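Heads up, the next two complexes both have chain A, just with different partners, chain B and then chain C.
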Partner chain A sequence: MYPRLYRKLLPNWLKRFGFFLLGVVMLYAPFALLTRLLLAITNVPSNADVHSVCLRMPIQWLAQPWMYATMFEKPVYLVAVLVLPVIALFLGPLFCGWLCPAGGMTEYLSRLVPPRFQINMTGKVNPVPIRYGFMFGMMGVAFIGGNACCSFCNFTHAQNLINALFGNMLGLQYWASFAVVSFILWFFVLGLFTRGGRGWCNFLCPAGALMGFAHWAGAKLKVSRYVKIDRSACNNCGLCATYCPTLAIQKNGERSEVNAHACNICMDCKIVCPSRAISYSAPQALQSPAPLPAGEPAGD
Partner chain B sequence: MFKKLLPWLLGILGLLFAVGIGLWSKNLFTQSESVHFSVNFPTVTGDVAAQTMNCCDLGGPWARIPEKDWKGYPAGGVLVWGTEGAILLDVGQEGMLKRLIQPNFINLSTHWLRNVGVQPYQIRLEMDLCGIEPEWETFESAWDPATHSTTREINPGEVFNMDWYFHIPDEQFNQPVVCEGQLEVFDAHQGDSLTQLPIVIINSRAQ
Partner chain C sequence: MAIELSQQLRHYQPKFHGLALGMTLGIGSTFLSQGCAATGACPACGACAARLPLLAVPFLLDGAVMLAGKVMAKREAEEG
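Presenting the complex of A and B:
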C-alpha cells in the first residue's frame, strides 16, 4: 500500500462513503427507511432493523425446500436470494462495494491502521473457494442441527455498533462465546488488521458469495457489466492488485486478471491504474481456461 | 496437480470451518449461553386440550413429519436438549470465553412463539425466573412492554418472537439447581392460560 496514492483515491472513497451512509439510512435502525417501506408493502409487523431484511438466513433456506413458502409469504426474504443476485447478474455486486455498511465499516476503519500492522494477503490466497465453501458449509450444517448463520453474523455486529452510537447499548452488553469470536474475526482480524479491511467479505460472507456467483454468471452469459483490464494498455505494474480490497485482481505472470467471483466493483483499481487500462464496461464474453484476449476478466 | 487441487482444498477448508463453528455454536444455542427454543400455543385452554392444526396444515418444518408419526404439539422446547415441553439450561456448559467475560449474563430466546391453534390469539406472556427480572426484547413492533402483551392478533400458523436477557446473582449461579421457573402464555383478552413451558436452569459445575 502506498499512502501517496490515497490522495488520488480520496474522491472515490468519499463518494463510496456517502453511499455507505445511505446504506445505513436505508437498512439499519434507527433509520432503516427502505426496510420500513418494504415491511409496510409486504405487511410484516416487525421492527425495522438489519435483521428484518436478513441477507443470511434465506441463503441457508435455499437448501431447505420446505422453507420456500416462508420466503414467499414474507417477500422481504427474497431480497437476499433474488433481488441482490439479479442486480449482480447485470451490474455486478454493487451492493457489496457501494452500499453494505458492514463491509464498508471495516474497510474504512482499516485505513486508519498503518499498513505495516496489517495482514497482506494480496497474491497469496484466492478467497473465492473458501467463501463458496463457507456458504455451502453454512447451508449444510443446518441439516445436522448446527447454526453458522446467526452465530457468525457480522450484520448483527454492525447493527449493534450503530445502535450503540444512538444510545442503545444492549447489543454491546450481552456477549455469547460465538459472538465474541465472530466479532474479533470480523472487526479486528479480518477487518482493521487486514489490508483493504474486507477479509470477512472475501472469505466468510455468504451473501457476497451468492452475488459473486451471479456476477460471474452474468459475465459468462454476456449480460453483465464488469471490471476489465485492457491488456494492450496494461503495463502489469500490479498497482491494481495491491489496492484491490477484495483480492479480486491477481498478477498472473505477465498479466493481471480480474476475478469476477470476487470483484465488488469498488473501482479503486481503475483509479490507481497509471495507464488507464481498467474500465467497468458493457457485456463481453468470459473465456476460460484458455489465455484471455485483451480486456476480459478471469474467474471461471 | 497441486495447483488444480488447491481451490478444492480451500473450498473444503471453508466448508469445514462453517460446519465446525455451526456445531460448536449449536451447543451454546441449545444448552447454555443463548438458548433458543420454540413455544407452541394453545396446548391447553383451561383444563382441556386445545384444538390445534395438524402438522400438515401448519406446513413449514412440521410437514416433514409423516402423518402416521404425528403425536401433536408439545408445549415447546423442540430445539433444546431437555425433553420436549421443557427447557433445560446448564450454565455449567458455557464456553470458555463466556465464562471469562460474563458467565452470569444469560439470554433465552424464542423466534417461534407459534399459534398452532385454529383461531387467532392476542397473547400475554409471563416469565417466572425465580425472582430474577429479565430485560424483554423483541423484533416485533406490535408489542406493549408495559403489559407484556401483543397488540396484534397472531393468526393460526403465525409466529411471534421474544428475547429475555438476565443476570443471575452469584449466590444463585453457584447452586446445582439455579432456578425452576416457567414461561406462561395467556390469552390477552380472556385471561385463559394457553400453555406453560417449564424452564429449569442448572449449573453442572457447582459443587
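Presenting the complex of A and C:
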C-alpha cells in the first residue's frame, strides 16, 4: 500500500517533523515566540502571529519602491527578502525543507494518503518556470498597485487551522471568500492528493521561488552547500527522483540531476539512494583536502 | 546564427510556456484573492478593470516567442 522505503525514511521524517513543530512554535500564534522576539527587538506594535512575519507581501513590495520605507521602518519584513534568501545563498532553502509549517503540514499529511490516490508529477512537469512566473506575475501586478492578499496564502490557511485547533475560529471567516478555493487547492489538490504533498510549494510559493533563486545563485558562484549526485557512484536507478517531494531531481538521459532552483534540502534522496551517491556538501573550491591516514606520507 | 537562435528558442520553449502559465496564475490570483470577487460584494473600485490588460501580457510574450521560433524554423528549413 505504501512504498517500502517509507520505513527507511521514517527517522529523517521524524527529525524534520521536530523542526516543523519548532517552526510552528517560533512563528505561529498562539506561541509565535520568534515573532514576539523580533517584534520586541524592532519595537513594532503588532499582533504576534504569522502575519507579522509575512513572507509574501515583502516580495511584492520589491516591485513597489514606495513601500521600501515601510520595510525599513518595520525590519521584521526583511526576513522574507533578506534573511531567508541570504541563508539560502550559503546553505540552501533550509527554511522550506526543515522549518516552514505550511509546507510541512501538507507534506506530512500526504504521507497518510495511499499513493495510488495521489497525482504523481515526477518526471512529467518542471515546476521551476511556473513558480518563477507566479512570482513575477504577482510582482508585476504589485507594480501597478494590486496585491495578492492573505486569502491566497497557504501561510494564512495554516495559521487559521492552528488557531482553530486552539479554539479560535475567527480565521475561518476567510472561507466565506475566494479563500475556500485556494484552501482546497493548497490543502487537498496540491497537498494531500499530490505525491510528496508539496505541490503548492513547487508551483505557487513566491518565497520558495526567491530562496530557490538564491540557492541556485549560491551553487553557481560556488559559495553554497548543495545536494549533488556523484556521477561515478550513481547507478541511475531513479529512486531519488521518485521520492523527491519537490520534483527537483530529474532523470536526464543516462544520469539524474538535482535542480538547485527547486531542491529544499530535505535529504530524502540521500537516504533512499542505494549507492550512496548523493551528498549535501560544500562546493569543491571550498573543501579542505581530506586528512591523510596516520603514518601515510604526504605527496609521492 | 539564425539556426543557433532557433535551436535555443526550441530548447527554452517549454520553460517559456511554464513561465507564462505561472505569470497568468500570479496575476489571476490577485483578482480572486481580494475577498470581493466570490462574495458578490464587489465595491466597483475599478481595480479589476485596471489590471485586466495585464492578464494578456504572459500570453503575448509566450506567443511572441513561439512565433519567433516558428519563423526561425521556417528560415532554417529554407536555408537548407
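Going forward, the second predicted complex is superposed on the first by the 271 of 300 C-alpha atoms of A that agree within 3 Å, B and C clash if a C-alpha of one lies under 4 Å from a C-alpha of the other, contacts with A are read in each partner's own complex, and residues count from 1 in each chain.
Rule of thumb we're sticking to: contacts are C-beta pairs under 8 Å (C-beta built on N, C-alpha and C of every residue); 3 or more make two chains touch, one makes a residue touch a chain.
All values reported here derive from a predicted model rather than from experimental measurement.
Peer 1: Of the two partner chains, chain B (first) and chain C (second), which one does A:N126 touch, if any: first, second, both, or neither?
Peer 2: Both chain B and chain C are touched by A:N126.
Peer 1: Quick check for you: in the superposed arrangement, does A:W175 touch first (chain B), second (chain C), both or neither?
Peer 2: So A:W175 only meets chain B here.
Peer 1: Touch test for A:N47: chain B only (first), chain C only (second), both, or neither?
Peer 2: Touch partner of A:N47: chain B, not chain C.
Peer 1: In the overlaid three-chain picture, which partner chain does A:F117 touch, first (chain B) or second (chain C), both, or neither?
Peer 2: After superposing on A, A:F117 lies clear of both chain B and chain C.
Peer 1: One more residue to check, A:W66. First (chain B), second (chain C), both or neither?
Peer 2: first
Peer 1: Residues on chain A in contact with chain B in one complex and with chain C in the other?
Peer 2: 126, 128-138, 140-141, 144-148, 151-152, 174, 176-178, 180-181, 203-204
Peer 1: So in the complex, which bits of chain A are touching chain C?
Peer 2: 126-141, 144-152, 174, 176-182, 203-204, 206
Peer 1: Flag every residue of chain A that touches chain B in the complex, lowest number first.
Peer 2: Those in contact with chain B are residues 45-47, 49, 51-52, 66-67, 69-70, 125-126, 128-138, 140-142, 144-148, 151-152, 170, 173-178, 180-181, 203-204.
Peer 1: Quick check: in the complex, which residue numbers of chain C touch chain A?
Peer 2: 14-30, 32-39, 47, 50-51, 54, 57-58
Peer 1: Inside the complex, what are the residues of chain B that reach chain A?
Peer 2: Those in contact with chain A are residues 6-19, 21-26, 28-30, 33-34, 59-61, 63-64, 94-98, 101-102, 105, 107, 135, 137-142, 152, 165.
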